[in-house]
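Next, two complexes with chain A in common: one pairs it with chain B, the other with chain C.
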Partner chain A sequence: MKKPDRLLFSAKRGVVRIVPLILFGLAWHVVCSAGLVNRDFLPAPAAVAAALADLFKGGEIARNLTITLFRATVGLVLGAICGIWIGVMMARSRRFREYVTPIVGGTYSLPKSALIPLFALWFGIGNITSIAAVFLACLLPMIVNTYHGVVTTPKVLVWSAEALGTGERELWPRIFIRNALPDIFTGLRIALGFSFVLAISAEMIASTNGIGKLIFMYGENGTYDYMFAAIVCIVIVAFFADRVLILLTRRLLVWHESAVAELDARRP
Partner chain B sequence: MLDLARPKIEIRGVSKTYASEHGPVLALRGTDLTVNEGEFVSIVGPSGCGKSTLLYVVGGFLAADGDVVIDGTPIKGPGTDRGVVFQEYALFPWLTVRDNIGYGLERQGMAAAEREKIVGRLVKVIGLAGFENRYPRELSGGMKQRVAIARTLACDPAILLLDEPFGALDAQTREIMQDELLRIWLETRKTVLMVTHDVTEAVYLSNRICVMSARPGQIIEEFSVTLDRGRSREELVVSEQFNSIRNRVWLSVRRQALVAGGRNEEA
Partner chain C sequence: MNPLEARTDALAWRSAVSILLFIALWEVAARVHVAPAILLPPFSIVAEQLWRSILDGTLAADLSLSLARAICGLVLATAGGVILGLLMARNRMVDWLVDPLVALGFPAPKIAFIPIFILWFGIESLSKILLVMFACIFPVIIGTYSAARAVSRQFIWSALSLGSSRSSVFLHVILPACYPRIFTTFRIAVPVGLITTFTAEMVAGGGGMGATLIYSQRFFESPTVFAYIVVMLAIGLMFDAAMRRFQSRFLRWAES
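And now, the complex of A and B:
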C-alpha cells in the first residue's frame, strides 16, 4: 500500500474511534443542560473543562500526576522484574514451584486493595504503601503469565535447539524466555491496568498527595467539577500508557501471531 | 556402490517405559538396529508403536535403557552430529528465515560474514531466495519444512534424523519435498534414519526399511530396497520392482496394525 493511502486509512480509523466519544460528551452535555440531573452531582462537560484548565494553571495536576506516575511505575517495574523471575524459577525448579504454587493460587484472586490499610499500618502514609500495593497487584499476573509462557514451550523447539548445539543454560535466554515473551507482554498489560487502580486506591486511603488523593479530596469537599477533572486526567494518562505498551509489544513481537491481525487490517 | 560395512548408528537393546495415568507403558522393548554409514533407513509401523520414541532416543532427547552408539561411542545426550527434522517444523518463530538457518552456525561461534555465505547458498538450494527476512508464520507448510531442512543441513551433521518430516504437508508438496530430500541425500550421502507411516515414501527414499511391531515396539522385519535411482519418479512408481517391495512392506505393516487395532478394541 502507498504511504498516503495508509495515512488516510489511519486518519479514517481515528475518526471512527472518536465519534462515539463525541456522542458520549454530547449526551452528557444535553442531560446536564436539560436539567435532568442535579448539576451539583453531575457537573456539565464545560464546567469540568474549566476546572481542568484551572488545575493545570495552578500546577496541581502536574505535581500530583508526577507523584502518582512515580508510584505506579516503580511498583510496576519492581513487580514485573520479580514476577518474571519467580515465574521462571517456578518453571525451572520443581521444589520452588511446589512451595510457591499454593501461595500464588491463594492470593491470585484476592483484591489487593483490601491490604492497603494493613500496608498503611506497616509502612505509614505515602510512597511505600502505594508502591507496595502496586507491586503486589502487578506481581501475580506477571508470575502466572511468565510461568505459562515458559512451560508451554514446545518440546520440539527445545530439542531442535539442543541438536543445534544449545547448552542447558543457553536454552533459557534463547528459547524459554523468547517463547514466553508474548505471555509476558500479556501479563504486563494486565499489570499496567492494575498499577493505576492500586496507585489511586492507595492514595485515596493512605496518602497526602497524588491524583487519588486529589480525587478523594474534591469528592469530600463536594467540588465535583474538580473531581471529574482529575478523573479525566488519569483516564487519559492510563489510556495512553496502554497504547504505548501495545505499540511497544507490536514492535517487539512482529514475529508473533498477535501482530498479524493488526497488520492484516492495514492491508487493502 | 556404498561401503556398507561401517556401522554409523548402533541401537543396542533399547527399552523405554513411559509413565502414564494408567501406570507405566512399555513403548520400546529391547530394540536393536544398526544403520551403516551413508545408508538411508526408514522405520515404518502402526501408529503408537514407538517409532518416534526410538528416533528421540537416538537424538539423545529421551533417556532410555540400553545403548545408542554413534561411531563407536555411546551417546550421552543431543549432539550436533545428529541433525533433526520434525513433522511440526519446529522453526524458532522469533527468528527470520535467515536467522533460523544460521542459528546452529552462530552457536558454533562462526563469524557473521562466513555464516551469511552458507545461509545464502542454502536459501538458494531450498528455493527461498528473497524470503530471508520473513518470519516462519509468513511461510507455507512446505516452505517451513524447507527452512527446517536447511537449518539442519547448515551445521553439516553426519546423521539426519527425520521424524515424519513430510507428514503435515499436502500430497503434491510432499512429493516435491521427497524429491528434494532424495537429491540432497544423493549429493551428500549422509546417514539418514527416517520415521514415517507412509510406506510409498519409505520405499521411494530408503535403502532399507525396518518394520516395527505394535507396542511395545521392536524391529520385526527388514526389507532391502534396491532401486535404480537414475530413473524418474514417474517410471519408478509404476515399475514392477517398486510395487512388489511396496506391497510386501505394506502387508507387513498392516499385520502389525491389525494386532494393535485388535488390542485396542479389547481394551
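And now, the complex of A and C:
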C-alpha cells in the first residue's frame, strides 16, 4: 500500500472509532439536559469541559500532573532498571534464584497498595512515599518478565553464537537480553499501568499534591464538574502513555513479529 | 532419588532459609533499634499483635468484609466481561460501539474514579464492589474477545452443518473454547481486584482491611499495620496458589 493510502486508511479508521465516543458524549448530554439525573451527581459534559478549560488556564492541571508524572516516571524507571537487573541475576545464578524466589513470589502477590500506609509511616507524606510505592509495584512484573524472557532463549541461538566465537561475556547483551526484549516490553506495559494506579492511590492516601489528591479534594469539596474534568484528564494521559509505549515497542521490535502482534491493542 | 527431586528439595530448603533469614534480620534490626520501634516493630511483637487480632475477632471481621467485596466485584466483572466480550466477538455493531470505550478504559487508572463511585453509590460496600468490577472488567472483556475471535471457523461450521442452532454453537463451542483464556485473564484480574478493594477501603473508609490499616497507621499502631500487611500478603499467596491448582486440575487440556 502506498503511503497516502495508508494515511487515509488510518484516518478513516480513527474517525470510525471516535464516533461511538461522540455518541457516548451525546447520550451523557441528553441524560443531563433532560433532567433524568440530579445535576449534582452527574455534571453535564459542557460543564465538565468548561471546568477542564478553567483548570488548564489556572495551571492547576499542569502543576499537579507534572508532579504525578514525575513520581510515576521516577518509580517506573527505577523499578524497570532494578527489575531487569534482578531478573537477569536470577537467570544467571541458580543460588541467587533459589534464595530470591520466595521473596519475589511473596511480594508479587502482595497487593502493593497495602504498603502505602507503611511507606507513609517511614517516609512521611509526599514524593518518596509515592515513588517507593510505584517502584515496588513496577519492580515485580519487570523481574518476572525479564527472567522468563532470558530463560526461554532457544538453545540453538546460544549454540550458534558460541560456535561463531561469541564469548560468555558477549553472550549476555547479544543473545540473552536481546531475546528477552519482547518479554521486557510486556513487563514494561504492565508496569506502566501500575505506575499510574499506584501514584494516584498514594496521592489520595498520603500526599498534599498531585492529580490524585486534586481529584479527591474536588470530590470532598463537592465541586464535581472539576472532579470529572481532572479524571477525564488523567484517563486521556494514561491512554496516550500506553499508546506511545506500544508504538515504541513496534518500532524497536520490528524484527520480532509475535511481539508486535501480542502488543496489539486487543490483547493485554 | 532422581535429580529433579533433589533440585526441588534444594529449592524448598533454600526458600525456607531465605524466609527465616529475612525474619531473623527483621527481628535483630528492630531489637538493636536500627529504626525507632514505631517505624519498625520487631517481628515477635507483630506476631503477638496478629494473634491478638485473630483472638478478638477484628481480623476475621475485616477480612471477611474485604474478601466479600473483592469476590462480589470479581464475579460481576467476570460475568459482565465474558458476556460483553462474546457479544463483541460475534456482533459487529456491538464491537464498533463498545471497542473505543474499552480501548480508552483499559489503560485508564481506574482507582481515579473512586470519588465518582463514592458520589453515586455511597461510602459502604456497594461503591467498592462496583469499583472492583469496573477495574477488573476490561482485561476480562479483552481476553474473552480475543479468545472468541480465535475459535477455529471449522469448529463453528462443523457444528452448524451438523444441525446445531446458533445459541447452542455459542454455548457448546465458542464459550468452552474461551475457558482457558478467560481463566488466564481472571488470574490477571484477581490481584487487580484485591488492590482495588484495599485501596478503596483506605481512601474511603467504610470498614475492611484497608480501612483498619490506614487507621492504625494514623494512630501509629505499627504492629497492627505490619500484622495486616502480613495477612494481605498471605491472602495474595493463597489466591494465587488456589488458581494455580484449579488451572492444573480443570484446564489441563488447554496447552498453556
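By definition in this document, the second predicted complex is superposed on the first by the 257 of 268 C-alpha atoms of A that agree within 3 Å, B and C clash if a C-alpha of one lies under 4 Å from a C-alpha of the other, contacts with A are read in each partner's own complex, and residues count from 1 in each chain.
The rule is short, and it goes like this: a residue touches a chain if its C-beta (ideal position, glycine included) is under 8 Å from a C-beta of that chain, and two chains touch if they have at least 3 such contacts.
Please read all numbers here as calculations on a predicted model, not as lab measurements.
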* Asked: Following superposition onto chain A, is the placement of chain B relative to chain C best described as a clash or a fit?
  -> fit
* Asked: Between chain B (first) and chain C (second), which, if any, makes contact with A:204: first, second, both or neither?
  -> second
* Asked: More chain A residues touched by chain B or by chain C?
  -> C
* To do: Pick one for A:126: touches chain B only (first), chain C only (second), both, or neither.
  => neither
* Asked: Can A:141 be said to touch chain B (first), chain C (second), both, or neither?
  -> neither
* **First, second, both or neither for A:79, with chain B first and chain C second** => neither
* Asked: Quick one: angle from chain B through chain A to chain C, Cα centres, nearest 10°?
  -> 90
* Asked: Touching A:41, do we find chain B (first), chain C (second), both, or neither?
  -> second
* For A:154, select first, second, both or neither according to whether it touches chain B, chain C, the two together, or no partner. => first
* Could you state the shortest Cα distance, in Å, between chain B and chain C after the structures are superposed? -> 5
* Residues on chain A lying within both footprints (that of chain B and that of chain C) -> none
* **chain A residues touching chain C - in the complex, by the definition given at the top** => 16-18, 20-21, 23-24, 41, 95, 98-103, 105-118, 120-122, 192-193, 196-197, 200-201, 204-205, 211-212, 215-216, 218-220, 224, 227-228, 231, 234-235, 238-239, 241-242, 265-268
* Asked: For the complex, which residues does chain C have touching chain A?
  -> 10-11, 14-15, 17-19, 22, 38-39, 96-101, 103-116, 118-120, 139, 142-143, 145-146, 185, 188, 191, 194-195, 198-199, 202-203, 209-210, 213-214, 216-217, 220, 222, 225-226, 228-229, 232-233, 236-237, 239-240
* To do: Within their complex, state which residues of chain B touch chain A.
  => 56, 59-61, 77-80, 82-84, 86, 88, 90, 92-96, 103-104, 107-108, 135-137, 151-152, 155
* chain B partner contacts - residues on chain A that touch it in the complex -> 154-157, 159-166, 170, 175, 178-179, 181, 254-257, 260
